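Since the structure comes first, as structure tokens, the remarks are kept for the end.
Letters A, B, C and D mark the chains in the order given here, with residues in each chain numbered from 1 onward.
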């Protein structure tokens, strides 16, 4: 250990800490201790981040809307989540009279469990991954898909028409967007040649001069990144794809009948899902824990990972503050008629990229295909058919 | 736009026996109105709507009005033969006395339509209909099939005045709840006794408060 | 191109986000209990009764004519007229309200009482922090609570109060002159001297 | 301009638009949207029958806020009704004041002096701008835009309300106009402040439009949704921006030329499709026209009194008669019908509420659309429950 320099020590400080704690235990249970410590880390860090994010989100939205946002509880309002937590804990937990009590109780638990599982394979820093699975990405998507179950449980068991409508919308939406989500990550797998997330990060590790080799800086990578972003927004039910809980239409969608801490759990799960999606997007396209410029590598890897995640969160908030939401059928149309074909095309372009080998030619060809496809699909398919800019006449 | 007289003439020409009379408006606004007979009202309304020159295609406003039974006291000079006893002798003399005679003009409910033309941009033409009385003959033909804009307003008139519009496709209460009994806009409507303590009660409210005083509430002796 | 409008909109919100840190225009919140905006002079909330001089009870301009009670749309004013007369600020004997209550839970701040008052006795206050936990007692203001000095009136509505004062002074001078003239005339006639008019008759209506 | 072909004959017993047939088997879902639903603008209920998410039937139910405003008016003097008109459409109290003042002026044969006429126009147009801006904000709120457009609208509305407050003493319940003029006069400081606010408004509308007009999601959500045909719009007495979005050229400011609107140059924007997007755009364009009117009106406000010196405040008793006056309120045609019997109270006092009458066609517009569209269509009608229920 003494051979390490200071930045490297800070970079690996959590690993070193875990090893240090583990060496008090007999060798046989040391791996278990390591895992438990990792789980504790995840369970404490991400909900903490959640608490911070709610404040940032409300403040950010406030600023976009020319107001302060919460600034009364604690310094600059940063104790707001504490107050909210106390409120959620002390509120009465109402279960509708004719609801299916067991399912109604299980739904938030299942949701939270599934969401936390996703963090197991997330490399949050160099060597900082709880379980380095060979099929890590597959595991992540499997866990992501199982959240649909709990959403439907919640909607069905509440015996509320709004909940049911919300659940139906949620399931339809999540299943539709899972396909583009998977396909856009397949692009990365094609190039990296592995399903293991740490290896995908390492595949993007190099620098040309000071510029990193992230996949987002290639034409196919950028396209896949955008599609992944859209699909991820939809998967996490964030605006403008927040139809399942569209409060102006369905009151609160599938968790209309939840109150108190169960409601808080749904809320936490939504944000945690947002973090894990951002983490995956960071890993796949933004080089995971690596620094954006080569000389910035002195800063620890986990710092870069969390910064990138927070950038994503900021974009989520920004989008939420700007855009109205789509309608159910438009959402489906968008998924099946635009996002899916485009990701399929992107697969082809990625294959082309690999075939053509090094050189400028592949940059031009791939970009041209993608831009042409985007313009054509966007303009002809989506724009002209469904809506148009209009001109207005006046009567004198 | 044609004057009310001309419109009346046009109606009489188009709908024979329409029985339209002019109700003058004495005020400075001078919006005179046409009183339709209920039997021919729908035919007249159709004419007003369809006639290319009048083209009243826009029914702006539907109002119910309640005219109570009016007691009219007139002073009449009556000449009578009076028998008097003057100095023990009965004399008959004619005398003119002033007497107040009262007669009751029966009340009615009235519905007033303000019609405009969007195509010709003229108006308003004020059209009214009257019910026979205020109790049992309260049916009037509905204009909703001609002007859909009257739909909610006729429902409101039905709700608040109790005029029954025959031919209205969906005549239900609109502002009051379905179980409500009376028609609150009528002039003789009696409010239910839902007394609520009010520290600065006046007049009617004060009277009610005093009635409630025995029950331990109310104020001001 | 698809997405153009969305990007334009995103730039707009970004502009507002950044602008909120530099420009007051884009951060319009006033943090109320600590920061307060000055109320404009015309601002009105609930009625108050104006009195002249140092004594509130003696100086009340109100002569219990009960016009405002009658005109008040929600009927939130309750006045009881005195049996006897008391000299007012000028010294003329006048009726006075033995009871003048305003239920500010019912009052809708319409200012009609101010408009119809011929004696400039009732005016609108600017005070708005009147919340109380007592539904009936706390929101029912009696004449003591309603009585505010003319100086206070000058504080809250300076321009209006100056106009009112000028008008009142004029009227009082006219009334004094009239009564004096009447008294002189009466004295000249050597008849029993009686004051002229019962009360001055100023023109109705608020300031224009 | 476009004269709408009016339907002359309608089939007997036409009542509702043709009801769509359900697809496939299964039960229909009945939902009561309201009275406490996040986007019913107050207490309003829509009894909706759904096939999946498609609306098969829709019945508007209202009256939760009913306070018998009209009877209230019959029990009090002409003047005392004025503050109550503020509470009809509480977003546009000054337009309501004007409508009522106009009706009583017509009844009593009065005229407001020149300066008061200018003030009325200025205040009514300011009211229109703030109403349209916030109604668009609410529409977007119902579309799920997290309140950003609403907050921008409120930011501008705040400035206009400040003007109202410094003139009339109150932000929303202004109670400003009187029969034969206005309650208090204005000074130059107020006019200059108004000029300053008006000069800033075009920038705000530009910002609003940059945020919204070109937005693809907004266009996708609103175009072709909630179409109202001009024939039906005329027949159902729809007025205001909703009517003009259906392409019918009917603006009471142009038709009746009440007040002094004939002195100002302004145009009436018309839509061709009659859908939500047209309603949105007509409102935006009307805001621009209102700004134009304001600029003209503020240029030359004449001097003089704001109140007819002959007008009586107290003891006002118009001669027996009746009068109907209407104005182009921001929500549509606002009419007041007053019958006098010579007493200090009106014998009959009637409000023609544009908000309520514009709801007549709510079901027609919603049938066959989604639940999500119902909320939008309802929002695009732009109602205030205070006026619907009265």
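We adopt the following convention: a residue touches a chain if its C-beta (ideal position, glycine included) is under 8 Å from a C-beta of that chain, and two chains touch if they have at least 3 such contacts.
This one's a predicted model, so the numbers in the text were calculated from it and none came from an experiment.
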Ask   = Going by the average position of its CA atoms, which chain sits the greatest distance from chain A?
value = B
Centre distance in Å when chain A and chain B are each reduced to the mean of their C-alpha atoms = 68
Task = Would you kindly tell me how far, in whole Å, the mean C-alpha position of chain D lies from that of chain A?
result = 44
Inquiry  = Rounded to a whole Å, what is the gap between the Cα centroids of chain B and chain C?
reply    = 41
Key: Averaged-CA centre spacing for the pair chain D and chain C, given as whole angstrom   = 33
Note = Among all residues of chain A, those touching at least two other chains are 64-67, 321-323, 382-383
Note = Note: chain D residues in touch with at least two other chains are 148, 152, 155, 211, 214-219
Key: For chain C, residues contacting two or more additional chains   = 2-3, 6, 9, 12-13, 16, 28
Message = Applying that definition of touch, give me each pair of chains that meets it.
response = A-C, A-D, B-C, B-D, C-D
Note = Within the complex, chain D is touched by chain B residues 25-29, 31, 49-50, 55, 57-61, 63, 65-66, 112, 114, 118-119, 121, 124, 126, 145-153, 156, 160, 169-170, 173-177, 184-185, 189
Ask   = What residues of chain C sit close enough to touch chain D in their complex?
value = 2-6, 8-9, 11-13, 16, 28, 39-44, 67, 71-73, 108-112, 115-116, 124, 204-208
Ask   = Across the complex, what residues on chain A touch chain C?
value = 60, 63-68, 318-319, 321-323, 374-375, 377-379, 382-383
Ask   = Where on chain D is chain A touching in the complex?
value = 1-2, 29, 31, 37-39, 53, 140-148, 151-152, 155, 211, 214-221, 223-224, 249, 251, 254, 267-273, 277-278, 281-282, 285, 370-373, 375
Request  = Would you tell me which residues of chain C are touching chain A in their complex?
outcome  = 1-3, 6, 9-10, 12-14, 16-17, 20-21, 26-29, 31
